[in-house]
Structures are given as C-alpha cells and as structure tokens.
Amino acid sequence: MKSAQKRAAIALVGVLSVAVTLTACGSSEEPAAEPTGPVTIEVAIDAGLEPEAISAFEERILQFEEVNPDIQVATKEFTWSGTTFAAELAGGTLPDVFPIPFTDGRALIEREQIADISELVAELPYADQFNPTIAEAGQDTDGGMWAVPISAYNQGLHYNRALFEEAGLDPDNPPATWDEVREAAKVIADKTGQAGYAHMTQSNTGGWILTTETYALGGRVVEGEGEEATATVDNDATAQALEMLREMRWEDNSMGASFLYDWSTINQDFAAGKIGMYVSGGANYPNLFTQNQMNPDEYGVTVLPLEGDDAGTLGGGTLAAVSSAASEAEQAAAVKWIDFYYISKLTDQEAAVAEAEIAARTDQPVGAPALPIFDQATYEQQQSWIKDLVNVPLENFAPMTEQMFDQPVIPEPSVATQEVYAALDPVVQAVLTDEDADIDALLADAQTQVQGLLDRS
Amino acid sequence: MAANTRTPALARRRATRPERPERGIVSSHDRRRPSVRGSLGVLQGGLLVTLVVVGLGPILWLAKAAVTPTQETLRDPLGLFPTGIDWANLATAWTRAEIDHYFVNTLIIAVGAWFFQILVATTGGYVLSVLRPRYGNVIFGLVLATLFVPSVVLLVPLYLTILDLPIVHVSLLNTFWAVWLPMGASAFNVLLVKRFFDGLPREIFEAARVDGAGPFRLLWSIVLPMSRPILGVVSVFAVIAAWKDYLWPLLVLPDPAHQPLSVRLPAIAPYLELDVFLAALAISTVLPIALFLAFQRLFLSGAGLGGAVKG
Amino acid sequence: MTTISSPLRATAPAPPPPSPTRPRRARRGTPRQWLRDGGLSTLVIALPMILVFGVFSWFPIGRALVMSVQETNLVTAPVFVGLDNFVFVLQDPLLGKAVRNTLWFALLALVFGYPLPLAAAVLMSEVRKMRGLFSALAYLPVVVPPVVAVLLWKFFYDASDTGVFNTIAGWVGLGPYPWLQDATSAMPSLVLEATWAAAGGTVIIYLAALVGVRTELYEAAEVDGAGVWRKIWHVTLPQLRGVLFITLILQVIGTAQVFLEPFLFTGGGPNNATLTVLMLIYDYAFGSSLGGNYGAATALSLMLAGVLAVLSAVYFRVTRPWSS
C-alpha cells in the first residue's frame, strides 16, 4: 500500500536524522589538527539573488575548492530573518556557515547556540586586528571570538540626487543639520510631489531608525550593559526626534503618504524615485542597485547630522557564525570558508582583486563604501587595490566617505535589541499617523515597556 | 484544521431540501404588474452591474495589469486598455522571479495534502463506519472532539511538534511533510466520509464478505468505487485549502526553496518590478479560478461553505 | 451538497440499521480470536488516522495544556511556572488593545458583511434567468487566493492621490484617503477587503436557505394583502433565522482568528491599530529571533479557545436538530 511506503519513508528519514545527530554528538572532542578525509560544508547564499550573482558565488566556490581539495562546498539559500531564525536554529536546518546581525551575537554565544570556533579563529593572521568595538559583537565575555565580523555599517542619510535637482537643491551639498534636512524635505515635497523625508516603521525598523536619530541628537535608548541595562527611552533627544517627525509630517506635509515601510519596501520606493531622503544603513547600496535597479547616478549618501554632546552614528553589522551541529572537521572547513569568502577580499590583494573582477564582470557593484571592520588603513589599502575595477559613482559617495571616519560610531543596544526596537515601532507609527499623538505619553509608555523587556532578559 | 468553521450540518440540511419552488417572494401575479416588474428589473440589473464591477472587476484589472508596463499601470491605473501589451511580463515572472519553482512547490503541497486527507478520511471513515472495532467509538469521540478545538490552539504546540516529533525526534521543518501530515488530521473530512459510508447499503458489504473479500479488498474494490462523489468533494476542497494556506507554510517552510506561492509572493514583492509582480499574482490566481469554473456546481451548491468564513 | 446525496438516496432511501446477520466481532476473546476476526487488518487500516491525528492533533492539544503552565524555550528544559504565563498575558497592555481590535474587526465585519449578502441573496433568489451567472460572479472573489487578494488590494490602497482607489474617489471629488496609513481608517480598510473576499460564500449560504423557505406562507401573506417588503420582513427573514444565526456565529469564530489581513496589510500597525489576538499570539511565539515566549502564546491561545468553544457549543446546539 502507498501509505506503507510513505510511513516507511518517514521512518527512514527518522533513522537518517538520528544518525546525523549521533555523528554530531560523537565528534565533540578535542579539535583535530587537520581534517582527515574529504568534508562537505553547507554555506549560506543570499536568497533571491539574480542569476549573475549566483554564478559569481559559484565561481568563488570553485576557486575555494581548488585551494582546499578536501572540502566540498554546497550552498543553501538563507537570508537571516527575525521571525524564522529561532525555528531554524532549533530545527537544525541552518547551513553550516550563516550570517547573523551584530544584535544577536552576544545572546547566541552566551547560550552556546552557535559553535565555539574561537580557537580556529585565533589562528587566523588578522585575528587581533579587528576594530575592537566591532569585534565585541562576536566575542564571549573572555574575548574569544565565536562569530567573525564580516561587514559593518554606519547609518547614513540616503538621498535621491535627481529629486534634489528637480527641487532646485544642490545634490553635492546635502543637508548637514537636522534643520536643513527638514527644509530640504519640504522643498522636495513642494516642488516634486514626492516624499521629502521617509521613515521606516515596521518589523522593528521604526525602532532602529528612531534609535539612530536619538544617537545623532546625543541621546541613548538604553544605558548600561547586561544586568545593569536600564531603559532611557524617555529622553530629550528621542522626544526631539519625534517632534521633528511630527512637524515634518503634519506641519510641512513633507513625508509622503506611506507610513508602513520596512527595510525592503522603503528601498524599493527610494529606488523608484518616490523618496527624497531617508535614514538607513550606509551599506544599502548593493540592495538598491542589484535588487531594485536604481540608477547609480541618482543615488547620493551623506553622514547623519550630529547635534548635541555625545552624539554619534549608530553602527551595526553582520557576523559569520558556524552551526553548533557542525563536526570538528566541518568547523575547521567552515572557518576556512569564512576566511576565504568573507575576509580575504578585505585583507589580501589577490583575493580582493579576484573578487572585484568577478563582481564587475557580473554587474555587481564594486567599491561601494562600508564601515571598515579592521582599521582605516587596511580599508583604504583594500580600496586602492581594486580602484581600477570600481563601477560605482564614487563622487556620489563623497559626502559620506569624506566625513564618516570623523564620526563616533555607537553600537546598538546590547540587550534584547530587537525587542526594544519592536517596542519603539508603534511610537514612530503613532506620530506619523495620528496628528494628536502625545509624544510625552508615548515615550513614558515605551519607557515602562522597554524596562520590562530588559528586566526579563 | 479550521474544521470548526465548517458545517456538515448545513450540508446535510440541503441534502434533504425540496425541489426549487415554483415561486419566490414576488408572486407571479405581482410579476405581471409593470411597476413591480420594472423595479425588480432595475434592482436586479443594478445588482448584476455591481457584481460584475466588484466581483469580476479586480480580477480583470489584475489580468490587464499583468500584461501592462509598470509606468502605464502607475500613470493610469484605471485605463481600460493598455497601449501596448507586454507579454514578456508573464515570462519574466515565470522564469526570472522563479514563479515556476514556487508554482511547482504549491502543486506538490496541494497534491500531498490531498493524498493524506483522502488517505486518512477514507481509511478512517471506513474503520469507523464499516469495520467498527471496539475502540472505534473512543477514536470517533476523540476525532469529533478536535472539531471543537480552534486551529489557533494548535499553532504553537504543533509547530514545536514539527521541530521535534515525539518518539522519533526528527525535525520536519523545511520538509513538505510538515504541511501534508497536519492537513491530514481533518476531523471534518473523516466525519463527512464516515457519514457517507454510513449511508451505503450494508447488504453489499455482507455479500462481499461471504464471497471472501477481506477488509482491504472490500475498501478498495467495493467502498471506494461507490464513494466517488464524496471523494470528489473532499479532493477539491483539499486542493483549494492547500492553495490558500499561508501562516502554517510560512512557519514550517522558512527555506525559500520549499515555499509555496502564498508564502513567497509577499516576500518577493519588494524585489520585483510592479508589472512583473502583478503578473506573478495573476499566474497564482489562474489555477484556483480554473478549478472553480470546472467544478462550479460543487462550489455553488453550498459545499464551498468552508471558504466562506476564513479561519 | 446534492452531488453527494443523489447516489446515496438512489441506492439507500433510508440507511438500514446494522444488519442482524452480521457477526458480532466485538467479542471478548483471545488474541488469536482477534486476529482471526481481522482485528489486525482493521488496526492497520485505522493506523493512518490514529497516527496522523495522534501526532498532529491529539498530542499537540495535550501539549498546549502543558505548555501553558510551563516556561518553554527551545534551549533549556521546560520549567513549571504555574499560572505565570496567564498572568503575563493578562498584564500585557497590548492584550486589551488586541481584544478591542479583534472585536472591532468582528463588528465591522458584521456591519459590512452581514446585511449586504443577505440583500443580494434575496434579490438573486428572485432572478429567473442566469441565476448561475449571478452566483458565479458573487463567488469569484472567494476563489482568489487570500494572499493574492491582500497583495492586490494593498496596491489598490496606495495612499497617494494616484492610488487606484484614490483615483476612483477623485472622480467624484472625494479623497485622497489614507486607507491603511492611518490608525482610524486602517481597520475598516482591512475589513472591506476581507468582506470582499468572503461575502460570496455567505451569499451562497443564504441563497440555499432561501430555496427552503415555505412558499405557502407567501400566499397566506398575500391573502392578508402584504406587499413585497412586508413579505420579506414577516415571512422570509423569520424563516432564515436559523441560518442567519449560524452565519453570525461562524463569522464571529472566523473573525476572532483573523491574521492574514493585518499581518500582510499593516503588520498590526499603525500604532497597533490593527493588532489582533492571533497576531499577538504570533508575536509572542515568533516575534523574536532568539526564541519565542511559547508559554505566553499557548496561554493566550487557550483563553481565546475558551471563548470560541462557547460559541462552537452554541453553534452545534443550534445545528444538531438538522444533522440528526
């Protein structure tokens, strides 16, 4: 009977998985010096890539396998997402190597939910050269690096140069204060009919950007770390940021008609020329360019205006982590892959050029600036290796690159980050969709709620 | 899973309904009066126009927008005819946006869900109605009891069960089994099929038994062939339900390679150009509409009740 | 469901009682006797049902009861916490909001989705020709996959003055409306789409019920000189009472579990204006990348189930006279 076959199939799946689990458990002993025999690892590849980007990725795999004949690399589509990550972690369906945001690193390490690769990472030649504030995101309390920072971003003010010109503003001279941001937004809205300044509000991004604006105005939403973390959501800078949003939305009417943006939808509308300015990660360019086909000539980015004492730019980034289910041999291979695929293009001339050549040939952006994960010198050297291959309009990035190294970078809240952001989403939404929203009351509520979140975690 | 929102009772009721009456609210005498006739005609004409605009309108709009360039859809969303038909949208959606892949996933999910619903409902109904073992009543009671448990209660514990099956400790996450098997546990289907079997003449079963047919043979050669109508009903709604399902596959199929259209469409929306996206929406609508047109009587005879209330 | 009943009625006008000649197999006997009677085959045939229901229905239901009094994450072993989860949920300021929103959704769904299908069905029942066309048109939106419907309407709801609905509103000098982008109008916008998607099913139910209205009563009313409206009011509607009540309960049960529309249209926003109970459950369980509060999620779903169970019980009580 068919049902019998199906049941047999289930049972077979069961047996296989048990076997896999046993293998994983059986090998948790001392790290072997060299993996014996061939090993296969599964590595994450971004979901939804264009065919060119996929073939570029596969080309890199071939190069890697050539250098490491003992290692076979398989790919698995994976894009980190807050709603499914916990399940994939618990369900054991993650690839062996996968990216996670800075915000999750500490908690995963503390609970030992990712593999401890710190000994393997320590052997890498650049292990002690990471920018210390950035390295922290992937380290345990003793400084062992369980997850390797592979990219970092600082927040920036992205703007549409075409809309700036249409509105009679100078795209080479973007706003440098928040008052100028507000003025420019109004001019853009009046002259072009598009949103002058748009704001993310959904899926925790509202809190993320509000926190960014708070930092830029010299405030913090959480003070202290670990057990001592206290909520400071109800502070003057946050109130000032919200007041500014309220004025732009309801007095200037310069924020357009959409107030339910998340990261991908705001990028989509920005690339489509519906948004004059918005705040987001400085490393947004690849997404705008490859996935949303933005015209590079229309793209502009500058640093956030910083006002008040203690003001700084919010920074974050991505870590590469290894599945806790990976065997010793797989862990070793995984670290080699991280070194090869994510890091060597930043530290090694040959690798940097090879990577850039593939990217350039497959129409991927080359040379879009990002926050360095090592020091500024390493970063500038890397940029100089590939400068002949750069295919992005560097002059459009100049307002950002000329100033970003002078700005202090402030990490995201270290405890319950995503939950804190989630609690702030409704605050931003309220200000943007309710003309009579009481900012003080909203902040007082959010303060209580965030403190509750911190106390629980 | 949302079995409690379906109504076997109503279905039964209509099974015994009288033939369509000769008359309705308006008597034939009234119908001859011009004023009544006129206002009835106006009202019904108005209703027809409304139904066309509201029921068919958005679907026709989607069909048009699927072959209209983005800029035109944005500039003149309500233009009746596109200036140039852009068939390439459909091809782009099908290949570049990988709608083909997700379409196949949706089919796999629908067919598998159909198979398990039919398997569980027929064998279950057969055991409970025809074979009647001693433990049958207990099982029937337990099956009926699940009708009272709304699907929302199952959401989290069923999800954790999928992550780690009892006894065998296997995760079904990112496998189609995670969608197929829970859909098989439909008390409504078992009830429907059992009731149908209850109505089959026992004499035939006895005769077959006397001829030496075992329970398997009786099921396969006698009961199932007599049950085509009920299997048809269960089948069509199994496929439709699988096609519609969103939250459950979203949870248990986080890997895009396994996701059906319903889960994938919202996720890829931000990355597709509008015209291609609308083409993808149109493609996803074609099969359910074709099923509806093919089995119209089944849907409109009231069996479509399950779809009337979303749960 | 005439398609089911016709062969049934043709072959078996009345389901016969279990044949007296049938051997009683439910006999207390030895395992060997059980085997000889085909007990094993019966068990094998029952196995798909027992396994599937056991693992994917009965076990999770039991587990829900246990989990609601446990703190469960996916990392450490579950801990018994008594009623803490229920206390946590009841103290969550979002619960009140979610309950109010869900009730608001249900109420709006009744206002939009109750009288119109009834009026349409009454009118359609008087159609002599092309009734099939009417019903097919009314039912068409029900067939559109819900996700497609929501995504399509999300585009229609574009709040700029070039949005589809705002363009239409502009023709008669109205708008532009913010639709989903405003805390006040977001919920009605969701309900409008949900009504569009579901009303066809309700129309079909009413149509079927209208066929069963006893027509001799119309004649009696006519003898009393009743006009069309009085006939509808005094004859049609009272006879539809049962079905009207059932659709009411079904609709409330359905709307109490609404998820798709707020999740895809607004993500519960703006400012939690469309956060529903099921969305709150989802957020508890799946809102954090570092593992959900599964205990709170189950506790809330059990509370919701308690409310729904009362409604279901009422529903089954009302429908039982028809099904026996």
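Letters A, B and C mark the chains in the order given here, with residues in each chain numbered from 1 onward.
In this text, a contact is a pair of C-beta atoms (placed from the backbone, for glycine too) under 8 Å apart; a residue touches a chain by one contact, two chains touch by 3 or more.
All of these numbers come straight from a predicted model, not from anything done at the bench.
Sorting all chain pairs by how many C-beta pairs they have in contact places B-C at the top. The greatest centre-to-centre gap from chain C, using C-alpha centroids, is found for A.
Distance between chain centres (mean CA atoms), chain B to chain C: 14 Å. The distance from the centre of chain A to the centre of chain B, with each centre set as the mean of the Cα atoms, comes to 40 Å. Of all residues in chain A, those touching 2 or more other chains are 3, 81, 84, 87, 90, listed in ascending order. The set of chain B residues touching two or more other chains comprises 119, 123, 159, 163, 165, 216, 251. Residues of chain C in contact with two or more other chains: 47-48, 74, 286, 292.
Residues 3, 7, 80-87, 89-90, 104, 107-108, 111, 113, 201-203, 256-260, 262, 418-419, 422, 425-427, 429-430, 432-434, 437, 445, 449 of chain A touch chain C in their complex. Those residues of chain A whose C-beta lies close enough to touch chain B in the complex are 1-3, 10-11, 13-14, 17-18, 21, 47-48, 76-78, 81, 84, 87-88, 90-93, 264-265, 267-268, 291-293.
Touching chain A in their complex are the following residues of chain C: 47-48, 51, 74-75, 93, 158-161, 176, 178, 180-183, 266-267, 269-273, 286-292. Within the complex formed with chain A, the residues of chain B that make contact are 115, 119, 123, 159, 162-165, 168-171, 173-175, 177, 216, 251, 254-257, 267-268, 270-271, 273.
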